[in-house]
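Chain nomenclature is as follows: A, B, C and D, assigned in order of appearance, with residue numbering initiated at 1 for each chain independently.
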Amino acid sequence: MSELNDRTRTSSGFYVTKEAPIQSDNPVPTPAAAPPDILRCAYMELVVTDLAASRAFYVDVLGLTVTEEDDEVIYLRSLEEFIHHNLVLRKGPVAAVAAFSYRVRSPEDLDRAVAFYTELGCRVERNPNGFVKGIGDSVRVEDPLGFPYEFFHDVEHVERLAWRYDLYTPGALVRLDHFNQVTPDVPRAVRHYQDLGFRVTEDIQDDEGTVYAAWMRRKPTVHDTAATGGDGPRMHHVAFATHEKHNILAICDKMGALRISDRIERGPGRHGVSNAFYLYILDPDGHRVEIYTQDYYTGDPDNPVVTWDVHDNQRRDWWGNPVVPSWYTEASLVLDLDGNPQPVIARTDTSEMAATIGADGFSYTREDDGDKGFKIGNQL
Amino acid sequence: MSELNDRTRTSSGFYVTKEAPIQSDNPVPTPAAAPPDILRCAYMELVVTDLAASRAFYVDVLGLTVTEEDDEVIYLRSLEEFIHHNLVLRKGPVAAVAAFSYRVRSPEDLDRAVAFYTELGCRVERNPNGFVKGIGDSVRVEDPLGFPYEFFHDVEHVERLAWRYDLYTPGALVRLDHFNQVTPDVPRAVRHYQDLGFRVTEDIQDDEGTVYAAWMRRKPTVHDTAATGGDGPRMHHVAFATHEKHNILAICDKMGALRISDRIERGPGRHGVSNAFYLYILDPDGHRVEIYTQDYYTGDPDNPVVTWDVHDNQRRDWWGNPVVPSWYTEASLVLDLDGNPQPVIARTDTSEMAATIGADGFSYTREDDGDKGFKIGNQL
Amino acid sequence: MSELNDRTRTSSGFYVTKEAPIQSDNPVPTPAAAPPDILRCAYMELVVTDLAASRAFYVDVLGLTVTEEDDEVIYLRSLEEFIHHNLVLRKGPVAAVAAFSYRVRSPEDLDRAVAFYTELGCRVERNPNGFVKGIGDSVRVEDPLGFPYEFFHDVEHVERLAWRYDLYTPGALVRLDHFNQVTPDVPRAVRHYQDLGFRVTEDIQDDEGTVYAAWMRRKPTVHDTAATGGDGPRMHHVAFATHEKHNILAICDKMGALRISDRIERGPGRHGVSNAFYLYILDPDGHRVEIYTQDYYTGDPDNPVVTWDVHDNQRRDWWGNPVVPSWYTEASLVLDLDGNPQPVIARTDTSEMAATIGADGFSYTREDDGDKGFKIGNQL
Amino acid sequence: MSELNDRTRTSSGFYVTKEAPIQSDNPVPTPAAAPPDILRCAYMELVVTDLAASRAFYVDVLGLTVTEEDDEVIYLRSLEEFIHHNLVLRKGPVAAVAAFSYRVRSPEDLDRAVAFYTELGCRVERNPNGFVKGIGDSVRVEDPLGFPYEFFHDVEHVERLAWRYDLYTPGALVRLDHFNQVTPDVPRAVRHYQDLGFRVTEDIQDDEGTVYAAWMRRKPTVHDTAATGGDGPRMHHVAFATHEKHNILAICDKMGALRISDRIERGPGRHGVSNAFYLYILDPDGHRVEIYTQDYYTGDPDNPVVTWDVHDNQRRDWWGNPVVPSWYTEASLVLDLDGNPQPVIARTDTSEMAATIGADGFSYTREDDGDKGFKIGNQL
């Protein structure tokens, strides 16, 4: 996130700034305890209501590799992964997210996680045997924003299948890329995740300083997670990476062939934010999965923060194709540590959808242009 | 076009049939004279209102090669072409199409063209020096459907630049692929173009036998031209081919970078019809250009005709992404041989847009499924 | 093939000419009978010595679709094909080619084929039930050059699987593209195949007029078959097309993963001749298969014939990568109509390998450059 | 590098181990001083003998962006870079490398660099204004292996052009990926660079423990630099990344079109080591440039180290295509801090070329297979 009065307009129409201290009316306190040293987003645990249907989606359609499975749980990984899994599908009564799990640098970082969240007054649980198979000593918390976060270091190694081209499908998923969280107050979330060690890479704001979304990273890509403004805590999507753009198109083609094109929600397209090529699809429970490729290196400490004007019609899709309303409004519930859904709190700041679509909102293609840029919105 | 009672449903959800005699209430008579032997669609002559703006679009954005130009006319070709041009931009007061031009096999085919159209009572003009530079002896007609058709054989050869990779752009256009014509009565048009020697490869129908569109070829691709049901005669689009899908994505990316993403009308996407990958963009006058790649070989005389149900939500976009309304309603005027716009006659058959979108229409993703499949239409 | 004294040098370093009458010291007579109207190369019948090993190669590695199979024969097709097969694998004692099979426009063309070859004194057999499953009335001949040619029109239609993206592999083969025949006297072969209706698109010559190879087409691609100078009659390769270049790279990657990279003989690379992207691999019997994509349209009667200088180091590989010697010397036997291998007659003209590699030959990268261009040859 | 007795064979034919302490007969001492915290390889300074020829190669052929230039020096960057440059071309009498430059995390890391190398007895120079434009306070050293290493933090920011698709070429270079250094004693080099903070990701060894090459990283890719066994200190290559494989093929195609295909030294191909897609080309002075895409994430501290058997014919090219001898033997001189070439010391350990090619060496495609796998080597 960025100070609007210190930004530089680029030749591409967005702004770059330095990462700035976040202003929040209602900040989560910054603990005195040091945060754990997070390496990367590592896996998501999803509760699904029909395990067979979910398996068909993630294994048969998307081609994820089954590391291990039984009647209750399926452990899946991408082709370049060497840890036990990137996705856990657990059968349950209500579709939801049970954990956003991050790998930390060392076993000692689990102690740091306990201290960090304990100081914040959060509920913390530690399980030396892990909460799921393949993972050892783990800490799970209900974080100050209501999200179930997990931290672990110990993990079972499995074979990295990157060279096993005999196993590749046309839409091969090679890596877990990031999570995306829906939360009502984006600056509050960003400030807290900065305390946890995340760095902001891009955000969407308006001239009044309303923040609509922000992208934050540990590994040097555009993000390990993002805060999307909306009713929350909810999970917006989990994203897997492919090597090339044609791999993403192949997933669309296959979903057409399987006559499940109605599970393609948005895209494919080129993001403005992140500059990545993307696709959003929906699993049988409506959990949103992004397929993503080719963002950029962000690992320098002075990596320029990119700020997009919420009215820039190319911020979400560089080609100006519309964001479908469901993408703004729908998201998955998240669970507390007892497995019950967290209550959803409404966003009170302006919604990005309202700000940019239809009678109340506007967007532009060229900044000095009066024409509205939301192409389909003008027409339907 | 196909007999609905003799069709076979494929595992992909559409039908295959044999090409059938067309039923038309109001047929154009079949001349006794043999038609000219058409090789392929060869070039389109477009009237544009701002030659510099059009040059910026076709040369600077799309990368077509200028064979020759002056203050009034620009002659452009694609990288694999060896004839003088595939596109003529001529400055004029009203944006329109001056000619759909086809190359014929031999000089004698021009005599056949004269006889064929003369017998039909059409206005016919022959110019031994050609109507444009680079082309010799040519015949232009106002065809029975009101379209300005041209036929030529003699043409100036220029260098085929296919090996000149130093000239390629990321979105390189390598070949003119096809035309697309809007006409009120599709069966009438198809029957006439069959008389002219075209073969039907695909069509869109409903169970009542209404024909919404049909694709017709001379060279063994899915089409050299198509008849799209709507108010006409008008020109729906002219299409250029790229080698690969990423070339089409690169055009989108570049139009975003140039902040002209509002000139991306529809796509990119995968067609159901033709199985090609596509993009529709608009030139400064609103002439629609398709960028297209990877349809299939159709050159056998018994090539199966593919028939799509108008309610199949994947017929126009295999991924079920919506067809924007402007794509159904907007098209370019065509000129008579005096250079005046042909009057536009309204379609009286059901419109495809009405049949498939919104309150009056419906579409499906799975044939046995009650859910409507027009995803954005459901949401906006 | 071209008249060297009437050629034009292009900016890419090769020459274009018009197709010229072929000079041959020992021509096959031109029959008075009209040739059959050939549509395209349609399938090859290969004799293989280990049917299971061949199935593993063509089905498991390359992903061809099994239309039908039993203990003796496997019928395979590519994804965009609607006729019964593009490849027949028949178990037999000696690896060889039993038929180069072409589809003709009409049943009457079979009568023409009989008359044409009978007049030439060739052995001709006609089988109204076809020589293989899925094909009806067929004519097989031992052609004047010793090759087993087949012609058919009647064929069983099967589903064109082009839209079945759920069946695609990363290296999906979509179409049979061409054959390539090794024959000692290239001008003699070209002259004969012109009599059969083929058109020359490209060739390789030297300044003395020696012809090393020529490419000939019926469908409007660079070739349906080619004549490669060498000891013959033998089969050099059979080629399948992919949609994109990454599909070909995926086949290489998969062969690496399966630890059969020693069956990659040459490539991948960009051809000079044809401008296509290519790969040559070897099946378990050593039958050579090319994977090929993106040549250019050649359907106009005055399509410029491209002539490459045999010393141009980019003629066979546009990037100047070496042609391995086995590619010049190895080829498959062909069978007579009794199923016995045809005797192989040595080429007496200069061999392309000798003309361009090593102590006796030379090649250049830039025509005015003294440096030798055969990069690895200089080094090993 | 890895302990051979603790390795696990993968299903792909190579081995994985944990990173192990390096055994060296002649180790560089480990300083007590902490090393600087290196972020990534940042730029290389090349001395070139003909600045105009080098500009034509790096700007006109490869499309790098000129940040700044004068008659003596050209500063170039890739499209996703936000620091002043990734490559400096400086006119000079002898083609050589003046600096391998790394960016460090903070200004204080320069003090650490001074202390680290001073303790090692190396020549150290610090210039608070930088040794080149665009860079501030910098430290240059002659490292214990004879390489000119530079460290800096302060740098001028320039616009990251990632979104400027109007500037992209078909072979667009988006990022500096890595350096590669030739050094006689690989274990000695690896041990020293581990002291400097690098982590080993892959290596090539034989059963006797001879180490032929090792790859080392700071940023979480396969490498920021590599140590290749050979006469040194010399620079083997500098590598830039593209987004996709077709971008690399486009560079080959363009070099063919420009008739400089003799500057394509090796590839394109798929590496075994790193699993990346690659191409090696030579600039006008013979400096080797790699174009590289799609290796994998290596940022976890327990990232499995991959060890390749030097006799595995797929280690250097996954498709088994030959490594040309010049790739093993040729490399660029490196300069001392006075600008004089460092003397080159011969490797005394077995050379990889000798171990694997020709009469003295051998390689295999399948480990249990007696056949030699160096395909062209067997044939020429």
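Quick note on the criterion: a contact is a pair of C-beta atoms (placed from the backbone, for glycine too) under 8 Å apart; a residue touches a chain by one contact, two chains touch by 3 or more.
Chain identities (UniProt): A, B, C, D = 3,4-dihydroxyphenylacetate 2,3-dioxygenase.
These numbers were taken from a predicted model, which means no experiment stands behind them.
Engineer: So which chain is the furthest away from chain B, centre to centre on CA atoms?
Structural biologist: Here the answer is chain D, farthest from chain B.
Engineer: Counting only Cα atoms for the centres, state how far chain A is from chain C in Å.
Structural biologist: Spacing between the chain centres: roughly 51 Å.
Engineer: What whole-number Å value describes the gap between the mean CA coordinates of chain A and chain B?
Structural biologist: 42
Engineer: Which integer distance in Å separates the CA centroid of chain B from that of chain C?
Structural biologist: 34
Engineer: Two or more other chains in contact with one residue: find those residues in chain C.
Structural biologist: Each of 12, 163-164, 244-246, 253, 256-257, 272, 318 in chain C touches at least two other chains.
Engineer: Could you tell me which shape the graph of touching chains takes: line, ring, star, complete or other?
Structural biologist: Basically all the chains touch each other, so complete.
Engineer: Can you list the chain D residues touching chain B in their complex?
Structural biologist: Residues 163-170, 172, 244, 246, 250, 253-254, 256-258 of chain D touch chain B in their complex.
Engineer: Quick one: in the complex, what on chain D touches chain A?
Structural biologist: For chain D paired with chain A, touching residues are 10-12, 14, 16, 39-40, 80, 82-83, 103, 105-106, 157, 159-160, 162-164, 174-175, 219-220, 243-245, 272, 275, 294, 296-297, 299-304, 318.
Engineer: Tell me, which parts of chain D touch chain C in their complex?
Structural biologist: Counting only chain D, the residues touching chain C are 12-13, 244-246, 249, 252-253, 255-257, 259-262, 264-265, 268, 270, 272, 277, 313-314, 318-322, 324-326, 365-366, 371, 373, 375-377, 379-380.
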